[in-house]
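One structure, pasted below without further comment.
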Amino acid sequence: MNDTQAAVHHHVAPQGFIRKYVFSLDHKVIGLQYYGLALLAVFIGMVLSWLMRLHLGWASLPIPGLHFLSANGAPGNIMTPEYYLSLMTMHGTIMVFFVLTNAPFAGFGNYFLPIQVGAADMAFPRFNMMSFWVTFTAFIVFMLAFFVGDGPPLAGWTAYTPLSSVGGTSGPGEATGQTLWAISIALFCVGQLLGSLNFITTTLDLRTKGMTLARMPLSTWAWFVTACIGLLAFADLLPACILLILDRAFGTSFFNPAGMVVSDQLLKYSGGSPLLWQHLFWFFGHPEVYIAIIPGFGIVSHILCANTRKPLLGGTRVMIGCIIALGFLSYMVWGHHMFVSGLNPFSALLFSVPTLIITIPSTVAVLMWVGSVYGAKLRFNTASLFCLGFISVFISGGISGFFLAQPSTDIFLHATYFVVAHFHFVMAVAAIFGIFAATYFWMPKMIGRMMNETLGKWHFWLTFIGVYCIFMPMHYLGLAANVRRYSAFTDDFLIPLIPVHKFITIAALLTGAAQLIFLWNLFYARFWGPKAPDNPWEATSLEWSTPSSPPPFDNFGGKQIEVFHDAYQYGGAGAKDYVMQTDPASVPAD
Amino acid sequence: MPWKHIIALSVLVLVGSSLLVLSAPPAAPAGGTITGKVTYTGTPPKMKPIDMSKEPVCNQQHNPPEKTQTVVTGANNALEYVVVYISAGEKPSGPPSAGVRYDQKGCMYIPHVLPMLVNQDLKIYTDDPVAHNIHPLPKLNAEWNKSQPPGAPAIDAKWEKAEFIAVKCNIHPWMHGYFAVLETPHYAVTDENGNYTISGVPPGKYTLTAWQESNSPISKEVTVTAGETKADFTFKVLPY
Amino acid sequence: MSETHAGTHAALMEASPFGIQSKKLAMWLFIASDAVTFGAVLFGYSFLRVGSLDWSYPFKFSPSIINAFIMTVILLTSSLTMLAGVFAAKAGNKARCLAWMGVTMLLGAIFAILHLREWFHMFDEGWGLFKNPLGGSADFGAGFFGITGLHLTHVVSGVIALAVVALGYNSGRLDKNHVETTSLYWHFVDFVWMFVFPIVYLMNAAR
Amino acid sequence: MGGKAFAVVLTIITLLSAYFIVAHTWWLPADISTTGPAIDRQMDETMWEAGILFLAGQLVLALFCWQYGDKPGSKIKHWPGGPKPVVAFGIIIVGLEVVALSLLGSKAWGAIYMTPAASDAIHVDVQAEQFAFFFRYAGPDGKFGAVHPELINDASGNYFGLDPRNDEAARDDIVVGSLTIPVNKPILLTLHSKDMIHDFFVPELRIQQDIVPGLEIPVHFTATKTGRWEIVCTQLCGLGHYQMKAYLQVLPQDQFDEWLKQQSGD
């Protein structure tokens, strides 16, 4: 039954730059490639958000060089509404797809999943390589929208039809830009499908001796569940994008109803439905949110244990339960994005119940984390600080979910800044905090050098306070009925809120600037940082059993790894308060 | 042999100069003028008052409210905003150096119908404290759709093919006008009395066309002499 | 890494919970996600069909339904022959297996040909991705050609895959597991048709 | 050290965040509809339950961080009673909350969306387009003219695509740019869009409903205060989205009748 393992192990360390660093089959290199792509993407996305924030705070402020970014133009470098919407669309898409999916899942997952199960590589290294390069192509096609045709699309990252499906007449950026968007996302789906397939197979089939499913680290579990979600979610978005392309390029009308009159022109469509797109999109869209956040669950649990020096409250079983429950529920709640979309009002009630039920596994997870801080010997390094930050931010974001999960309160809050605050906290910021924690925790292993703790702490404090200054006020704006996706606030009930937007803008600029500290820290560590020991954090899982940092090509230097217990054997009063997974010794008694 | 050369050169010079002379346009004789009045028969549709309540800033500027401008009539059956132009009988000429100007004031287009030549420079200005978007809906030229926030500089444009292009502002759907892109410099738009005058037309036989936005155009043959030539048009209009 | 080379037997690995080799597992996963893809398209089609006021029911019992029925029978048979092929491979009878695979490919090809023949008939009648000669909703054409097109692509690529595997199996480069894995795909394509036939053909039979 | 700092910062953030909610510094505008109070009640209900969870979660986290830094000689302590009670606690508390909220909430939701409009409701037809709303009253004959998409023409003010030439009922239809209604009288809106998906949102009415091209979506409400408020679009519909609005004018009955007479007058 193991001829595939043969397939896996039969590739030897390649020589030559191209095979080694570009078209590499090594999951570690591919992981770093994904991480690098995400890093590039996240800074692009951040700059876009800066421009948006500047415009929201000071609508008629000329921003030098603005006109370079879009064919939609900016007369006198003053942002036009269509320009703002393009930025918004590109920001959303970049962040959701190329950052929140790439970094925590594809990036760290690729690097550490095989190591944590004791494998020499992924099950299908070639698929793995393809998955990255397809994703990379998707990114290039996507960025092209900035430079070709009539500028980037303005239909938002959700690309609601018919705005996104009738073409140029519905607005600037809807001719070429939207088509590029659809093609790019379709490619992205293919890449992620290949990746997910690989993750699942590796987890199930390539575990080293003694690494039972129950003994897998929580991070591995999280990546595994994420892969399961992705395998189905992206398989749904792919045809949706293809149908969209058909509508745009070949005149079908899947998403366009009959008798549409755009700017006095009667369009020749028959009997499509805009709601169909919303169904197809959100059936992917909601799981996608979990694809972004669930790796964070695993990573944070994993790192928290190493820094609290005790196993997670409830062991791994409860957390695994929560993760699986979340993954399962994520497929039953897409309708809660469509409460006021014109569905049967009864279905809103049906969708709201499972949505509210999601708060149960979330709460249990939070309780487990907080509970395991109790009585800990908590080490406050940057990684653990970001974990604590993750928990705090996740609580704040989760709480606002209560309001949006109910149709009755969603009537008011739907499409206000309350929603923006909610998903930025619970999905974006939380996931990013997970990425930061993982970076500070694992970079020593990935680049073989330690990152600077002082810089790291500065980075944490500025970011942590910053995100609260940015997103907490957005809740208040939402309660004051501040509608989202407005490029300027001209309505009587919105004008008094502009000062709040000014405050948020300043906070956003400062927080963004703080990220440069992180960038510099990473850059500095990569080249001049102190050499990292094999196990700097005194952690137990397999990535710390590799003979070197970074690990050799086959991860364990040809050594056959055997695992004797789960990854969280911490505790005890002794000098050495942890036991490696590879160590037959039993846990030290308290 | 100097003679040969001298002869050759002089022949060349002669031929060249004569070519120059021939190719030089004959001095245009004093052009005639075409004048006339455009009227209608039948009941014209009632122009509805425009409800600008969406945009209070503009609403205040129009008391009593403006009316729709699809069929604008004047005293004794005059039709305003009719474009009268020479549609055939002369060779097209290049665009003049001077550009034309289109204004947005109080959420209305001024003028309602703007005639211009192919490839003539067009500048679109806004005086309003609210953002507009200019959305021409051409059939032959390329469609575009740009928004113009308050205080933004003028939008520059030009049209490559001759056609009558409806212009609208999606933000203020009642804002509606026409770009009459023509190949001839000889055109005029009727005033509130339905009168028009096209001057500087070289004598000859032409086809004169009158275009009204909500009726099919009318053409007639005219022979222009040095003096004044009269050409009236009458549109049949329906109440709805 | 010589040990891990040698280390390609179960003793050094945890047993897969499903006790199947990775390639087969990957095929199952692919089938799962492909099922979602088909599911999405079929859902979209049904969504529009239910929502449409002027849906067309163009398929006369003869020839369309009969033709589709024949296609169904052919595809089902091909699944059986594929099964026979896998049994032969399991029994180690390479020649028999190859023969059965040959038959399967042939049936697959016939299916594709019948399908294309029908398509071209419909093109002649004026059907198209967004054309409906009966004047009803053009979504019928989009749905019909979209779904059957997607399925046809699967059939054709299946036939090609079978050919490749058969050659590899013949040359000894591939083994019986590859044959079985490919058969999974083939059965899936067959299985999907079991949904396409009623939803796209029977439900649109002329009435 | 880091732990104490984190605890302090987190506590400050938490209390500050809570303050603005408690102080209602920014809050929902006063509601002017019969269905609004139920929604506000639901909002407060949720705010209490969620708020308590928020404070509890953040402050306990802060407390533990303050308490359990890695000091030399400190010993690992495990949660008294193990995970089971904690998990049970979580499931039961949040479970109850879920049940409570869904039951209460469904009432408020049903009151708006799952009850038919009153039989004597004034029927107003709403047409949304890039980027404006238009409203149609049936006029003296009380009948709406049929809608013909091919006749829609903003230039001549035919926003609904009426056919007055052949359609008697269409001739007296009143088409205006702002929604004028009488106070304390049930109103029934039929929402339809000619191009993109738009959304009809009046914060004070606590009504938000997408307007989907190809669908006719009914919405009914009763305004309880006279005054002038904004109707805004909340579904991204193109470059002018942020300027897509109209005004809601709620008049006393007599003034409304007056207004209506004027409109059909000319």
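Descriptive notes on the structure:
A, B, C and D are the chain letters, set down in written order, and residue numbers restart from 1 in every chain.
Please note the rule applied: a contact is a pair of C-beta atoms (placed from the backbone, for glycine too) under 8 Å apart; a residue touches a chain by one contact, two chains touch by 3 or more.
Just so it is clear, the model here is predicted, and its values are computed rather than measured.
The remaining chains, with chain A left out and nothing else moved, group by touch as B, D | C.
The chain with its CA mean position farthest from that of chain B is C.
Judged by contacting C-beta pairs, the busier of the interfaces A-B and A-C is A-C.
Centroids of chain B and chain D (each the mean of its C-alpha atoms) stand 48 Å apart.
Mean C-alpha position of chain A lies 56 Å from that of chain B. With centres defined as mean CA coordinates, chain C is found 34 Å away from chain A.
The residues of chain B that reach two or more other chains are 130-131, 133, 145, 147, 166, 168, 170, listed in rising order. Chain contacts: chain D has residues 129-130, 154-155, 238-240, 243, 245 touching two or more partner chains. Residue positions of chain C in touch with at least two other chains are not found. If you check each pair of chains against the touch rule, the ones that pass are A-B, A-C, A-D, B-D.
If you check the complex, the residues on chain C that touch chain A are 1-5, 7-14, 16-23, 25-26, 29-30, 32-34, 36-37, 39-41, 43-44, 47-48, 51-54, 129-130, 132, 137-139, 142, 146, 175, 177. Every residue of chain B that touches chain D in the complex is listed here, in rising order: 45, 48-54, 68-70, 130-131, 133, 145, 147, 166, 168, 170-174, 176, 213-214, 238-240. Residues of chain D that touch chain A in their complex: 1-3, 6, 9-10, 13, 17, 20-21, 25-29, 38-39, 42-43, 46, 49-51, 53-54, 57-58, 60-61, 64-65, 67-71, 74-79, 82-83, 86-87, 89-91, 93-95, 97-98, 101-102, 104-110, 112-114, 129-130, 149-150, 152-155, 161, 194-197, 199, 201, 203, 206-210, 212-215, 217, 230, 232, 234-243, 245.
On the side of chain A, the complex with chain D involves touching residues 80-82, 85, 154-156, 160-163, 170-172, 257-264, 266, 271-275, 308-310, 313-315, 318, 340-342, 345-346, 348-349, 352-353, 356-357, 359-360, 363-364, 366-368, 370-380, 385, 388, 391-392, 395-396, 399-400, 402-403, 406-409, 411-412, 414-416, 457, 461, 464-465, 468, 472, 476-477, 479-481, 483-493, 497, 500, 570-573, 577, 590. Within the complex formed with chain B, the residues of chain A that make contact are 59-60, 72-73, 75-76, 78, 80-82, 168-169, 171-172, 263-265, 488, 490.
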